[in-house]
Amino acid sequence: MTAIYSIFGRISETIEKLAAIHRLLPWILAFALLLPLPQILSALFNDYYIYLANKICIFILLSVGLNIVKGFCGQVTVGHVGLYAIGAVSSALISLHFGWSFWLAFPIGILAAGLAGIVVGLPSVRLEGAYLALATLGLGESVRIMIAVTPLFGSSTGLLSIPAPTIGSFTFDSYTNYYYLVLAAAMIGIYLSFSILRSATGRAFMAVREDTVAAAVHGVNVTKYKLLAFVISALYAGAAGGLFAHMPPGYIHHNNFTIIEMVTLLLMIVLGGIGHIWGGIIGAIIVTIIYDQTLEFYFYQPLLFGLTMVLIVIFMPRGIGGMIDRYLATKKFIASQEEKSNAAS
Amino acid sequence: MPLLETVDLSKSFGGLRAISNLNINIEAGSIHGLIGPNGSGKSTFFNLVTGVYQPDPGSKIIFNGHDITKSASHDIGALGIARTFQLLRLFSEMTVLQNLMVGYHTHVPYGFMSTIFNNSAVVKKDAETKSEMMELLELIGMADYADMPASELSGGQRRLVALGRAMAMRPKLLMLDEPAAGLSPVNVDNLLSIVMALKQRFGLTVLIVEHILKVVMETCDTVTVLDYGEKIGEGSPDAVKDDHAVIEAYLGQEMDDDEVRKAFNS
Amino acid sequence: MLKVSGLSTGYGKLQILRGIDLNVAEGGIVTLLGGNGTGKSTFLKALSGLLPVWEGSIEFDGQKIQNLPPHEIVRCGLTQVTQGKDAYPAMTVEENLKLGAYVRKDKIAIAEDLERVYSFFPRLLERRTQLAATLSGGEVQMLVIGRGLMARPKLLMLDEPSAALAPKIIMDIFATINRIRKSGVSILMVEQNVRMALLLAEYGYIIRDGVILIKGDAKDLINDPNVKKSFLGGTVANSTHEIKA
Amino acid sequence: MDFDFSSLFAFLLFGVTIGVVYGIVALGISLIYSGLDIVHFAHGEIYMFGAFFGLVFSHTMGFPYPVALLLAMVCAAVLGMGIERVFYRRLTKGGGGYTVAGMGMIICGFGMSIVLMNIAFLIWGAAAEPFPVDLGMPFQLGDITLPKSYALTAVVAVLLMAALHYFLKKTKLGLAVRAVAANKDIAYLMGINVPMMISLIFGLACGIAAAAGVLIGPMQSVQVEMGYLMLLKAFAAAVVGGFGSLPGAIAGGIVVGIAENLGAAYISPNHKDIYAFLLLILVLMIKPSGLFGIVARVKA
Amino acid sequence: SADIRVGITMRMISENGQRYGQMVMDEIDMINESGGINGNMLKATLMNDECKSDKGVANAIKLINQQKVHILIGSTCSSVSLPIVDITEKAGVPQIIPHSTNDKITKKGSAWVFRVPVSGRYYAGVNAKYVGENIGKKIAYLCAADAASQNDCDAMQSQMKSQHGADPAYVAQVQEKEVDFRTHMQKIKSAGVDGIMIAALAETMARALTQSYEAGIPASVRRIGSSSASNSPVPSIAGDAAKGVFFAAAYAAADSRPIARLFNEMVKKRYGVNSPDHDFSQAYDLVRITEIALKNADLKLDDENLAADRTAIRDAIANVKDYNGLASGPISFCAAATPQCRDGNRTAVLIAYTKGGKDYKTEVLARVTMPIDFGL
C-alpha cells in the first residue's frame, strides 16, 4: 500500500518539476506517452482493450464534469446522464438529419448540453441538497422518457448508423483511430478542469459548497458560480455524449441513459474522491476496469457494485484521492516535525 | 463625509420590528462601536448592510457614495465592506489558507476565461496572492495552521481565521460581529492589538459589535447603543458609559467584587 | 459527587487531554478556566459521553459513568449546556424547553420549571412560540441554559454561559446559576469571564495544554498573579502576538 | 367533440386512487426526511420488499390478506432497521441535510437501492408475480368500475397519515424524533436515546412503505423492478406536498396522481410519466416548500 | 481436432432470459457429448447484455477479440442486435440472431447477419390480415417503448393502413415497465373500438390486459398481442384476462407434430416450463441451424485461418435451406446481404389463449407463410 502511495508521490513530484519548465510540458508528455496505447494493448492483450480505453476516456469526461459540479460546487445533481443524453442525441441528430460533419455536430451537441445545463442548474439557485437532487433526478429522467417516446430522437429503436468522424480521407471508424480522438478530448478535459479548479474559480466553487451566505459576503456571486459549475459540467457531459454517439457502431438508445448509468457515474466519483481534483479520473479508470473484469459474475455484479458504493461512502468518504492526500499530508507533517526536532537538537 | 450612512433603515420580521428608522453615520477612519442588549438588532444591522437581508421599503444605505440599499451581497463585498459572522461560518472543509484566498476573491486579477486560456499567468498570480495571504496569516498569528482544515480549529482559532478572511477582502470598512466572544482575556487583548494593527496598516474603518465592554471602551471613537432596534444613545465611550438610558437598558450598575457577590445572592 | 481521575481523550488519533483530575462536591460550584483551545470543551464532551474516554475514570454519584452512552449519562443526572448555542432552530422556544425535560415524567413539576425558566428569562416568554432559528445570539444562549435547567440535573455543566451576552444579562445569568446551585444542583462551569466566574465559584481549576495547571479556592485564585500569567499560554495561535505595525 | 364528464370523473378517480399509494410511500420518505434530515433513495426497494413479503405471507404461507399486510409491515420495518443499523448509522452520525455527510447519504441510498434490488432478484427472480387477492366484486360507479382494492388503499392511507401525524406532533416521542432530526449531539444531551429513535423512524417509514407495496400488489403484480418508478413518483408527491409534511405527502400524492392521469388523458398520452416530474420541478421552482411545507429560515 | 468457439450475448436478467441462455448452453453441451462437430468441440462463452445496447456492443467486441469466437449468437433484444450488426460486419464474424424481430436488423445489408425468428414485417402482415378480416378496422394501440414492441406496433399500424385503409382509433406510447393503464383504457373504452393491440414485453402486457377488464372493456373487444404475448408470464400473470388474446408467433406449443411434442416434454422436464413459448423454440432452432452449418463448413480451426473459418461458417449458414425444425415453417437462408435472404423464417402462426393462469392453454387460429418480399 505504501508503495503505491510513494509511487504516486514520486509521480506528482516529477510532474511538478516538468511543469516548472513549461506548464504544458507534462500534458504534452502524457499525451505522447498515451498515444501508442492501442498498439501496446493490442500487443499485450487484444483489441478489446482498445475499445475499453475509448470508454474510459469518455467516462473520464463524464465523471470529471460531474465532480466539478458535485464535488467542488457541492450541488447534488443526479441528472447528469440527462445532459450526457442531450449531447449524444443532438450531435447524432444533426449528423443524421442534416448530414453535417462531426466537426459541426459535435460542438453543437456540446452547446446544446451546455444550454440544458443552465436549465438543470436553474433550480440550484433556489434549492439545496436533497431538493436539488430530486429536481435534477426528475429532469434527468424526463430527458430519457422524452427520448424514449419521441420517434425523432430514436424512440425505442434508437438512433442507428451515426456516422464516424472523418478528417479528409482519414476516418475514425476503428477503435484505434477513435482512441486518438477521445484521448485528445479527455486530456483537454482534464487539463481544463485542473486550470479551472486550481484557480479562484475553483475556490469560489468550494466556498459556495461550504456556505453560500458567507461566500456571497466575501464577494462570490453565488448564482453565477452555481450556474457556471452546472454549465461547465454540462459541457463535459455533452462532449462525452457526442463522442459516445459517434463512436462505432454509432448507435444510441434511451436505455444507455438510465439511473443505472447515473449510479455508475456516482460510484466513479465516490471511489475516486468527491471534491478531489483527480477524483473523476481515478474513478473512471478503476470502475471501468473492475466492471469489465467482473463481467462474468453478472448475477452478483450489481450487488457488488452497490455494496462497494455503500461501503466506500461509509469507510472511505474521501475516496482514493482523499486517501492519497492524507498520506501525503501525514508524510509532510512528519517531515516538518522531524525538521523541528532537528532544529531543536 | 461618513463612509457608511444609513437613512431610516428599518427591518421587520413578520410583526417584529428588529430595526426601526435607524440613522447611523460611520466616519471614515474611525472605530465605531455598536452595542445593545441581546436581540436589539445589531446582527440584523450587519445583515442589512451586507445585503444578506433586504431592508424594508423607504430605507437607504449609502456606502462611500454608492447607494447599496438594493445591491447583492457580493457586489457590496466588492465595494469594500467586509464582515465577520457571530457564528463565524468558516468554509470548514477548506484549509485556513484557502479560506483567506476566498476572501481575496474580489481582487483576483484574472477572469474565468483566463483560467482556460492563460493559465500560466493565473498560476503566477495565485502564487503572489498566496504569499500575500501568508503574510496576513503571519500577522494574525495563524501561519502555522495555514494548511489545516478550518473544521479542526478550536473556537478561538476560528475567530482569528474569520478575521483574517475578512481582512483578505482588503476592505475599506471592516464589520466585526462579537469578535472577542469566547476568547480568554489574554487573547482578547491579543485580538484587540491585532485589530488595531490591521487598522493602522491598511487604513481601515472598523465597526465592532461586542458585549465585552473592555473592547468597546478601549478602542472605539464613537459608540452607538441600540435597544429594540432603535438608537438610544450615541457618543464617546465615556459619555455612553454614563448615559442613564444605556445603563438602564444594557450596562447595568458597575459593581466591585463584594457587590457582585452580594448581587449573586440577592 | 463528580470525581474525575486521570482522564485522557482526544479526536481520532489526536490527544487533547492528558490525565485530568477534577472533583465537584455535592452542591458545589466549580469553574474550569483556560485559554482557547486548551481542551475545556473537550473535557465536558468526554464527561457527557460524546467523546470516548481513552484512559482514566469518571465517577458520578458513586457510579462509574465513563463510556456510557450519552443519554444514559443524562439519566444519571449529568446535563451539559454546550458552547455552540445549539438550540433546535426549527422548533419553537417552548418546544426546545420541553425537550430539556425529556427524561422526566413528572408533568406538574415540569410545568412549574417551565414557569421558573420564563421568570429567569422573560425574553423567552415573549418569544415562546417563535422558532428558535430567529432568535438573536443572546436569546439563544438564554434558551439553551433554560433548556439545561429543565432536566433538573444533579450536576449542570455549563460551557461558557456568559459568552456573547450583554453585561446586564451576564449579571442575571450568574445570579441565576447561583440560585440553581442553591436549589441543590451542583455546577461545573467553563468560563472566559474569569472575574465573574471566580467570584461565583467556590473552587477553580485552570487548564493548559490538556493538563490541570493550577487549582485552588476561588478566593485565592482571584488574587493569584499566576492565574493571570497562566492565561498567557492559552493558544489562540501558537505564537505570542507581537504585532509589527 | 362533446366533453365527456363521466370520463373526466374516471380520470380523477384513477388519479386519486393511484395517488394515495404514491402518498403512502411519500409518507415514509417524508418521515425519514423530517426525522433524519436525509432523503432515502432506497425507499422504493423497501416498498418492493414489502410487496414480496406480502406475497410470501399471503400466497406461500396462506395467511389472510390483512394479516399478511401487517406481517409484511413488520418484516419491512425490521429490514429497514437492520439496514440502518449496519450501514446508515455511521453516516447519520455525521449529520444529514446539506453536509458532506448528507451528500454521502444520498449516494449511499442509491447504492443500497441497487443492493436491495439485486438481493430481491437473487431470491425471487426478475419475473413479475401475480398477487391476486379476492376482495369481492368491484364497486360500480355508473360507468366506472372501481376494484375494492383501490378503495381499501385510500382508507389505509388516510389512517396511516392520521396516526403518524398524531405521533409526531402530539407525543413526547414525536418531539424526540424531531430533536434527533435536528441535532444528534444535543439530542443526546437531552437524554434521548438517539440510536433507538433513529431505528424507530426507519422502522416506521419502512413499515409504511411495505403497506403500500402489499396494497398495490393486487393491482399491478409484484416485481423486483417496481421500486424505482414508485420512488420517483413518491418523491414528486413528497415535494409537491411539502417535504417533511405528512398530510402534504398524501395530498401531494393525490395531486401527482391526478396530474399524470389528466395529462395523459387530455394533453398527450405518450408523456404520462413526465407530468409528475414537471409538477415536481414546477413546485420546486415556484414554491419549494410545497403545499404544506414549513420553512425554517436559518439566521445569518 | 480443436475448439469451435461460440460467443453468446443475451438478456440474462429475466427468468426466461436465463432459461433461453441455459437452453443454448445445454444444447451445445449435448452436441459435445455426442462427439462434437466433425470431432471438434464447441466452446461457448455466454455473456449478459441486460438488453442494453452499450453492454451488448462491449460483449460482442470482447467475444470477437478476446475469445476470438468463430460465430456470435445474439442478441435477444432488437436494440442490442442492431448495433452489434455493425460490429460483426466490420470484424467479419457471422452473427445469428435468436429473438430480435426488428426489421432494420436485416435491412442494414450486412452479409454476416442471419435471423432465425420471424421478422416483424411478416408478423404485422399476418396479424393485420387476420384482424382486418375477422375482427374489425377500428383498432386502439398501446405500444411500450422497447424496440421489439415499438416495431410490432408501428408495423401493425402501417399494415392496417395499407391492407385495409384503417387509421388507428387510439395510439399511446407507454414506458417499458408501465404499471397503470387505466386512463388509456378509459379512453379506449369511450372510443368504442373493435380491438386493442397491446405491444409490450410480457409483464407489462399482462398488467395492461388485466386492467383492460378492470376498466370494463368487454371481452367482445379482442385483445391483440405483440409477439411477446407468447411468453409465459402473460397468461400466468394476467390469468383470466389472457383468455382470448391472440398474437402471431413462430411456434405454437399446441403444435401437434411429434417433434413439437417431444420438445414440449423436454422443456417441461429441463426448465419447468409448462408450455414453451417461441423464444424457446427459436433458441433451439438456432442451435440446430448452427450445428448444420458448422458440420458443412470446412474449418481449419487454427489461428491463421480464423478469418477464413468465419467466412466459411457464414457461407455455410447461408447455405442452410428448408430447415424444418420447431418453427412453423421451413427456414432458408441465402447468400445475398438482403432481408430477403437473411429473414429466413417467413411462417407466422396465429395463436390464441383459450385459458389463462399458470396452466394456460392455447389454440392455433391460422398458419401463414408470407411472400419473401413482403413489407419491404
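Read from first to last, the chains carry the letters A, B, C, D and E; within each, the first residue is number 1.
Criterion: a contact is a pair of C-beta atoms (placed from the backbone, for glycine too) under 8 Å apart; a residue touches a chain by one contact, two chains touch by 3 or more.
The structure presented is a predicted model; accordingly, all values stated were derived computationally and were not measured.
Colleague: I need the common contact partners of chain D and chain E, sorted by label.
Modeller: Common contact partners of chain D and chain E, which must touch each of the two, are A.
Colleague: Of all chains present, which has the mean Cα position farthest from that of chain A?
Modeller: Following the centroid criterion, the farthest chain would be C.
Colleague: Looking at A-E and B-C, which pair shares more C-beta contacts?
Modeller: Answer by contact count: B-C.
Colleague: Measure off the straight-line distance from the CA centroid of chain B to the CA centroid of chain C, and report it in whole Å.
Modeller: Taking the average C-alpha coordinate of chain B and of chain C, the gap between them is 27 Å.
Colleague: So what's the Cα centroid distance for chain B and chain D, whole Å?
Modeller: 47
Colleague: What whole-number Å value describes the gap between the mean CA coordinates of chain A and chain D?
Modeller: Going by mean C-alpha positions, chain A sits 33 Å from chain D.
Colleague: What whole-number Å value describes the gap between the mean CA coordinates of chain C and chain D?
Modeller: Their C-alpha centroids are separated by 43 Å.
Colleague: What residues in chain C touch two or more of the other chains?
Modeller: 134-135
Colleague: For chain E, which residues are shared contacts with two or more other chains?
Modeller: 13, 173, 175
Colleague: Two or more other chains touching the same residue: where does that happen in chain A?
Modeller: If we look for residues of chain A contacting two or more partner chains, we find 145, 149, 213.
Colleague: Can you tell me which positions in chain D touch chain E when the two form their complex?
Modeller: Listed in rising order, the residues of chain D that touch chain E are 4, 7, 10-11, 14, 18, 121, 125-130, 132, 138, 143-145, 147, 220-221, 223, 225-226, 229, 261, 264-265, 269-270, 272-273.
Colleague: Would you tell me which residues of chain A are touching chain E in their complex?
Modeller: So the residues of chain A in touch with chain E come to 45-48, 51, 55, 145, 148-149, 155-158, 160-161, 173, 175, 248-256, 292, 295-296, 298.
Colleague: Name, in rising order, each residue of chain D that touches chain A in their complex.
Modeller: 33, 38-39, 87, 90-91, 97-98, 100-108, 110-115, 117-119, 122, 228, 232, 235-236, 239, 243, 270-271, 273-274, 276-278, 280-281, 284-285, 288, 300
Colleague: Could you list, by residue number, the parts of chain D that touch chain C in their complex?
Modeller: 172, 175-176, 178-179, 182-183, 185-195, 294, 296-299
Colleague: Report the residues of chain C in contact with chain B in the complex, numbered from low to high.
Modeller: Those in contact with chain B are residues 11, 33-37, 41, 83, 85, 123, 134-139, 141-142, 160, 163-171, 174-175, 178, 192, 194-196, 199-200, 222, 231-232, 234-241, 243-245.
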